[in-house]
Amino acid sequence: MSQGLWKPRVVRNIRRPDVAVVQALGEQGVATVHEAQGRTGLMLPYMRPIYPAARTAGVAITVSCQPGDNLMIHAAMETVSKGDILVVTTTSESTDGMFGDLLGASCQAHGVVGLVIDAGIRDTADLTAMNFPVWAKAISAQGTVKATAGSVNVPVVCAGAIVNPGDVIVADHDGVVVVPRDRAADVAKLGEKRIAKEEQSRARLKAGELGLDFYGLRAKLKELGVEYIDEEA
Amino acid sequence: MSQGLWKPRVVRNIRRPDVAVVQALGEQGVATVHEAQGRTGLMLPYMRPIYPAARTAGVAITVSCQPGDNLMIHAAMETVSKGDILVVTTTSESTDGMFGDLLGASCQAHGVVGLVIDAGIRDTADLTAMNFPVWAKAISAQGTVKATAGSVNVPVVCAGAIVNPGDVIVADHDGVVVVPRDRAADVAKLGEKRIAKEEQSRARLKAGELGLDFYGLRAKLKELGVEYIDEEA
Amino acid sequence: MSQGLWKPRVVRNIRRPDVAVVQALGEQGVATVHEAQGRTGLMLPYMRPIYPAARTAGVAITVSCQPGDNLMIHAAMETVSKGDILVVTTTSESTDGMFGDLLGASCQAHGVVGLVIDAGIRDTADLTAMNFPVWAKAISAQGTVKATAGSVNVPVVCAGAIVNPGDVIVADHDGVVVVPRDRAADVAKLGEKRIAKEEQSRARLKAGELGLDFYGLRAKLKELGVEYIDEEA
Amino acid sequence: MSQGLWKPRVVRNIRRPDVAVVQALGEQGVATVHEAQGRTGLMLPYMRPIYPAARTAGVAITVSCQPGDNLMIHAAMETVSKGDILVVTTTSESTDGMFGDLLGASCQAHGVVGLVIDAGIRDTADLTAMNFPVWAKAISAQGTVKATAGSVNVPVVCAGAIVNPGDVIVADHDGVVVVPRDRAADVAKLGEKRIAKEEQSRARLKAGELGLDFYGLRAKLKELGVEYIDEEA
Amino acid sequence: MSQGLWKPRVVRNIRRPDVAVVQALGEQGVATVHEAQGRTGLMLPYMRPIYPAARTAGVAITVSCQPGDNLMIHAAMETVSKGDILVVTTTSESTDGMFGDLLGASCQAHGVVGLVIDAGIRDTADLTAMNFPVWAKAISAQGTVKATAGSVNVPVVCAGAIVNPGDVIVADHDGVVVVPRDRAADVAKLGEKRIAKEEQSRARLKAGELGLDFYGLRAKLKELGVEYIDEEA
Amino acid sequence: MSQGLWKPRVVRNIRRPDVAVVQALGEQGVATVHEAQGRTGLMLPYMRPIYPAARTAGVAITVSCQPGDNLMIHAAMETVSKGDILVVTTTSESTDGMFGDLLGASCQAHGVVGLVIDAGIRDTADLTAMNFPVWAKAISAQGTVKATAGSVNVPVVCAGAIVNPGDVIVADHDGVVVVPRDRAADVAKLGEKRIAKEEQSRARLKAGELGLDFYGLRAKLKELGVEYIDEEA
């Protein structure tokens, strides 16, 4: 839900992070990025992709709408650049289908690389065929009006996570994570390290080494007083 | 949930809409049909297809069952014709798997083109392999008894929508919509117009025209007092 | 949720059912096995596979963890044998992603044929690519710590079903069913009979015979006072 | 959710059932009335009273609103008579607080005896102090606009039950039940009989007679093959 | 949900724990007992009392029913003794009102001191007036049939907790906890100690001592690397 | 859920708003304050008071915990002043009972006037008897450990609303609303005006004036094309 809406407003220009950083975070994926930034910024698990292979990363254009009203998504389209992702919230809970294949076509025409919406979505077969990735709370054919003011590029809360315009959004089959713009470069570097380390771990675990030994957990179990029993009673 | 069950009953013969109309509505899909009939008749978004490509349209045979009891689905099978869709409800909420591949085989033998069930479904892998489309509230292997009376071809409420026998059901990845029999032809015509109009819209939006201009929303935003700010604070 | 945790403990060796029995049950699938054992042992329908084709059967290694802590999954890995399935529960509700592709790699290195987890899962794209089948309550990138004691191979309640170590787990697109070890052979036999019978039923239903006749339900409907009406009012 | 909204409309005058019948049904309470009419017309159990002693019965004035918009509740107020109950639905799911103490005061000024709303409610402390009974899906301070058309006194679906204007609404701590206007007198008579019978049952059960004997269930249990075992294994 | 239902059966006589132990556990309350037995046996938090002051403790008579069918509750009434609590489960999820004031009257006539039901309940106003305490998943006027076999005094899973006949049930505003019969005396002793200790803690905390000092947590925070900052940035 | 947790930290001193402002907002109540600040800052409606008369206002001390771990609540107690309210969140969803009567006693000893917790609560009967108001997502006896670092007085997201330390929290039977510290005085003034205006409205509505006339909605209905029909069809 959106915050601080004293007056409805559209912020036309936002600061964006480095494109290479966004791309690096996208390659790392949600689980790695979430770990790399100290397990922060993850949206709640009810946000699901509309098709299994959906995967993207981009820069957040935030939109705060009245439930059942997509007027401000149209207003937001004037502020997007290539590589952006729309992050749409409503001022109270809604499952209405606020976005369909027409808006999807418009997004692709303007280089928008995905949609994260804490509400409903429709025309999912078309959006899948267009390869336009969407993460949503619900799928619903229920359409919306264009009647009430809202805001574009203000701070919002989307599925439990704070999103500021210009933040990096990374989304894949595991969910959606938000990386604050100013930390994006640092997180990307930490993510690289994590991936390198995981590569090694994977090799050793594949070779049959136990996590108990690998992570040195035997001492921990002993310290916690976990008892070993040889045979089932 | 079913209404008006003073006495359990099976209505053998129902009036059906024109086949061509049903087909036309099916081609238009749920989102278009829902819009065309003034945004009415949509089932709640918890109704999901058991496989992504599921898509159908047909004539409603309604069934009202005791939860955990599929006796009346069997009774309903005697009333179906080619092109019908079973619409199954229970008198209180249930997720039991009331329908499986055997009933699916029976349906296909009699020309039934789909199932919409406000309860559970099982044998989903088989039903998918058979290409028998199902929209359900839950997937559950929990079987049912055949012990309690219910009704066939009475008015029911299915996932929040009123369904009368003989209504048209359109279902796809966006959900399920009900079109009253007597309005089906009119809705189909309105749907055609809507599709033609959307085709034009799509072309213009793909070419990069903004929805703001296309739908003439700039005046609306001004009237609503939405303020434009050039740069992020 | 786990029961009887007076003292945290790891039971190293469990009794396992016959491999051929496990395989037979796996071929029968969840719906058949659930019926064959008198409709018992089914997990709640919120347990869903991470990819549609997921299907497995194996021997339960049970794990009881603190929510947000996967230490005991690592402890459990020392007790697994080829053909086992991890059944992971938490002492209170959690959706955290307690298991990812590294643990998946470890499982495959040790012959574990699946995971059933009453919590969250992450790295779902990798696990799908690895063909490692998982049934879970949620998909979440939220990682866990390795800090609190729990138990391995104690009786647990997973998604509403009691699981004892050594029980057979059968899982497919319809859900997850637990077969007590000592009944596994008997259930497998009953399942065979059921399948044979269903084969015959399927043939007759495909040929157009009605369930009403096939199951002899006309008398039942009469006895229940279901009225037949020829025409819609 | 509302049905049949081709054109938004307000029906000014509705037919109402006999006042004595409404009163009789109200005295019987939800559970008895629901039984008396063959277990039909019950709203889903998520509809809860805002205070435990809430109890009412009246005639349905139905209202279909856009979610987040209470314009049509105001329109409905012009159509009410003493003894009516407002039944408010939205065209898609919403928890917004569409009704507060001001509308409550207006209702009491016009003799409205309760509100049943498949959405949210606010000013619950004031409404409780005023003794104005409300059954709702949610309590939320989120206010609404007055911007979009809807209908008054059309058939609606409220919490899974069909409500036509003029139907009798009975509501208490057990939930909400709808009695079709034309059946109200018959249901009231059946309810009386049921209460008389229950009075006798209560006396016998209080005296220690078992339901097994009272309802003659021993034969049933035998027929179903329920085995009696003397001692716990 | 119930387990192990090969054959429906009623076990007439169960072993019960010492009355004084049950009483002691009841006085300690749910939170204390749950802690005393190592945080096991707690039912899921969706189990709520029908009135705020509800509080009881007793011996479990377990009942496994078909959803929508309360036949076996009647069968169970023949097996109860003074001080027992009915623990009712269904073989799949249901919110039907399986128990009302008549069964409540019967329970009180036979000394039953409460009901714990993983389904629905009705006549809640009467049950409250009778001071008969109930913990349930839902309140619903929807009645049930008496048509299908089930079992009495078999092990069941109720709201995520295993309950064996003869176990102690403690229930209050915090929820419901199950104490295995053979551990009840030990748990009661541990509970006494815990209460004595809490009494001391309460006195010191009331006097203004901080938990940080009281529980010695300052070292822990330092070890975990928690940084102290004097002023808000 | 908490944001920006690069390093766990405790901020000892926060800036607080004027006491008179907090008191004024508390007297206005949640619905009025929410309206007065442009319908922002409302927590999601799943946050409910543990007793109906709970009502408070105070200054937010924010706490971000690991789920199942209340260590940081103890750390927070060192930073509180008279008139503060604890706002507790977890880094992923949890219903564990993180706070009970001992912490309640500690809070009262230090002048804390309430708790808002996006997780579980226990000892609810004691907390009610102590008149310590709590708004929570769940009631659960499940206890927690004190093992993992978190933060105190950092920005958090609680039940969908951003809370900064020092913000004003207003909570009553309608829910919980957050007022940013720097706006608190302005919001309080707007709230006063709103209350004065509502007083007048209430008088006129009580006198029977219709909202249609009072708010001038007849023109709106006409403009929207709402049709008036005299008699039910």
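Every chain is named by a letter (A, B, C, D, E and F) in the order it is written, and numbering of its residues begins at 1.
Assume a residue touches a chain if its C-beta (ideal position, glycine included) is under 8 Å from a C-beta of that chain, and two chains touch if they have at least 3 such contacts.
All values derive from a computational prediction rather than experimental measurement.
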{"item": "Set of chains whose contacts include both subunit F and subunit D", "value": "A, E"}
{"item": "Where subunit A and subunit B overlap in contact partners, by chain label", "value": "C, D"}
{"item": "Rounded Å distance, subunit B centre to subunit F centre (Cα mean)", "value": "40"}
{"item": "Rounded Å distance, subunit D centre to subunit E centre (Cα mean)", "value": "31"}
{"item": "Centre-of-Cα separation between subunit F and subunit A, whole angstrom", "value": "27"}
{"item": "Residues of subunit E engaged with two or more neighbouring chains", "value": "7, 39, 42, 91-93, 95, 140, 142, 147-148"}
{"item": "Touch-based graph of the chains, sorted into line, ring, star, complete or other", "value": "other"}
{"item": "Every chain pair in contact, whichever chains are involved", "value": "A-B, A-C, A-D, A-F, B-C, B-D, B-E, C-E, C-F, D-E, D-F, E-F"}
{"item": "Subunit C-touching residues of subunit B, taken from the complex the two chains share", "value": "7-15, 51, 71, 73-75, 77-78, 95, 97, 100-103, 105-106, 108-110, 120, 122-125, 128, 138-143, 146-151, 153, 165-166"}
{"item": "Partner subunit D, residues of subunit B touching it in the complex", "value": "1-7, 37-42, 44, 91-93, 155, 157, 160-162, 180, 183"}
{"item": "In the complex with subunit D, residue positions of subunit F that touch it", "value": "29-31, 34-35, 39, 42, 45, 48, 52, 55, 172-175, 177, 198, 201-202, 205-208, 210-212, 215, 217, 220-221, 224-232"}
{"item": "Sites on subunit A touched by subunit D in the complex", "value": "66-68, 91-96, 140, 142, 145, 147-148"}
